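Structure provided below as structure tokens; questions to follow.
Per-chain residue numbering starts at 1, and chain names A, B, C and D are given in the order in which the chains are listed.
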Amino acid sequence: MPPTSTPESIHIGADDLPFVEIGDGSLLKVLQVKKGEGLWIIENVFQAGYEVDKHRHTGPVFGYTTSGAWKYKEYDYVNRAGSFLYEPAGSIHTLQCVEDDTRVWFQMYGANINLDADGNIASVVDGTSALEYYLALCKEKGYGEPNVLVE
Amino acid sequence: MPPTSTPESIHIGADDLPFVEIGDGSLLKVLQVKKGEGLWIIENVFQAGYEVDKHRHTGPVFGYTTSGAWKYKEYDYVNRAGSFLYEPAGSIHTLQCVEDDTRVWFQMYGANINLDADGNIASVVDGTSALEYYLALCKEKGYGEPNVLVE
Amino acid sequence: MPPTSTPESIHIGADDLPFVEIGDGSLLKVLQVKKGEGLWIIENVFQAGYEVDKHRHTGPVFGYTTSGAWKYKEYDYVNRAGSFLYEPAGSIHTLQCVEDDTRVWFQMYGANINLDADGNIASVVDGTSALEYYLALCKEKGYGEPNVLVE
Amino acid sequence: MPPTSTPESIHIGADDLPFVEIGDGSLLKVLQVKKGEGLWIIENVFQAGYEVDKHRHTGPVFGYTTSGAWKYKEYDYVNRAGSFLYEPAGSIHTLQCVEDDTRVWFQMYGANINLDADGNIASVVDGTSALEYYLALCKEKGYGEPNVLVE
């Protein structure tokens, strides 16, 4: 039973997809979404002071930082160029950007369950909703329909 | 670079772990939880009329039915002995048991986001919370600490 | 960012896909293949004495047995109706069927690397090759193209 | 059933783990291995001319390039700083480094099945064997036992 199909590896260059602004000069790009798997891979450029609501992950997350500095309020360590971060399913944290032009890839499985100050669920974000948000902003900005890897 | 470690395959026989009651004679057994992956594998025995709240999955789910009959309110098909069910991440449904002694294994990734009648989030259940619930009921019933595969 | 797409859960009933013979009355059905993920879900009916070559898995495997009896030569435990089996990536074993009409679902990630008596690699089987093999046998038997869940 | 356990996110800074040489000045660092999942995450620094044997993947692979230039012989595109690469399970290719100090993170599921010029299987590398290789080189160089994320 030799395999006869050889699927292609797919490359997305640094400038192949546009960034959209998500507030105060911080940026978002969605690279890949496997809807049925709950997988979403994004790249962010954050500016100092940008915050992402406290959230809990329902699957594992892997963060690859390439410039700048950011941290979680709940931890002391700071992610800088070359940092790798592993966030197991169930982990909870609040992202804060420390330096301008902080660049990070996040490979995420499952949803972000956003929590309010009392720990109640405020909202849920996942790959499908992030993709729709990204595509809507791209359309609004006149960027057309970017070639995100979607299945 | 030959691999030198050979991990063991682990068997859980039909009677190795106890069932606990989850209401009206319906039963739950938790077989395996990989907390960091968000994976949970359970076995249920449902009685006719049992319902599981409408919920959305944040990861893929695979259902293996071995007896009885159950369905989702949102679909016409009925799961019976020998049925396989694939639920992609993002799918939403309300489980209803149709016949007594309906037996199903569910291999689930991510969380169940339970929704109320208006579609608002009522609660979230995941592998970690299901495990804690199961272990607490086992303890209460005097079953000791069952040997669930936990990592 | 509310999710607006709700994918369907897909049901495959016990008789929706044909079994094909894989030798000495043992049977194979392929239910689902996610080629890019390396996921393959099959159902086997083995007859007593049937063996599967010694192999190593490159991803995790989950086995759900519903009738009969089978074991791995390397272990003492016997899988019977209601048995759950977890095989971590890297595990190595040789399947032997003990009783006729032994029925098992296997949810497998990655490839089976088949090993000869000296531990050398004899061949590799994965979801894509298993699917091609299954579809070819179905065609040969005049079963048409069965509706396997393929992506 | 509220989750009561909150696992930690784990940070590995750029200088927390040593690189080891894998030939001609090219380097390897192993960041995380989940043996049972078949997951391995590594970082490479390749020098121009370095090649990785032609291989087929048994699970999906994700590549994040942060400097330099590299390509697969089988494709025209070149991975540079900011490139993202998705390699589905089953994909086959031969890595060539084009520029010195080419830096890439690879998040890999499953094994690399190395193929010789005739397409026969020459060897298999996976997370467990890569980890053992890395730890042995670290020990040989007097780096002690680096704190790789292993489970």
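Please note the rule applied: contacts are C-beta pairs under 8 Å (C-beta built on N, C-alpha and C of every residue); 3 or more make two chains touch, one makes a residue touch a chain.
All values reported here derive from a predicted model rather than from experimental measurement.
Chains that touch both chain A and chain B are the following: C, D. Ranking all chains by how far their C-alpha centres lie from the centre of chain C, first place goes to A. If you average the Cα atoms of chain B and of chain C, the two centres end up 22 Å apart. If you average the CA atoms of chain A and of chain C, the two centres end up 35 Å from each other. Annotation for chain D: residues 3, 5, 7, 35-37, 88-90, 124, 126, 128 touch two or more other chains. Residues 3, 5-15, 31-32, 41, 43, 56, 62, 64, 66, 72, 75, 77, 79-93, 105, 107, 149 of chain B are the ones touching chain C in the complex.
The part of chain A that touches chain B in the complex is made up of residues 35-38, 58-60, 88-90, 109-111, 113, 121, 124, 126-128. Residues 1-5, 7, 34-37, 123-126, 128-130, 132-133, 151 of chain C are the ones that touch chain A when the two sit in their complex.
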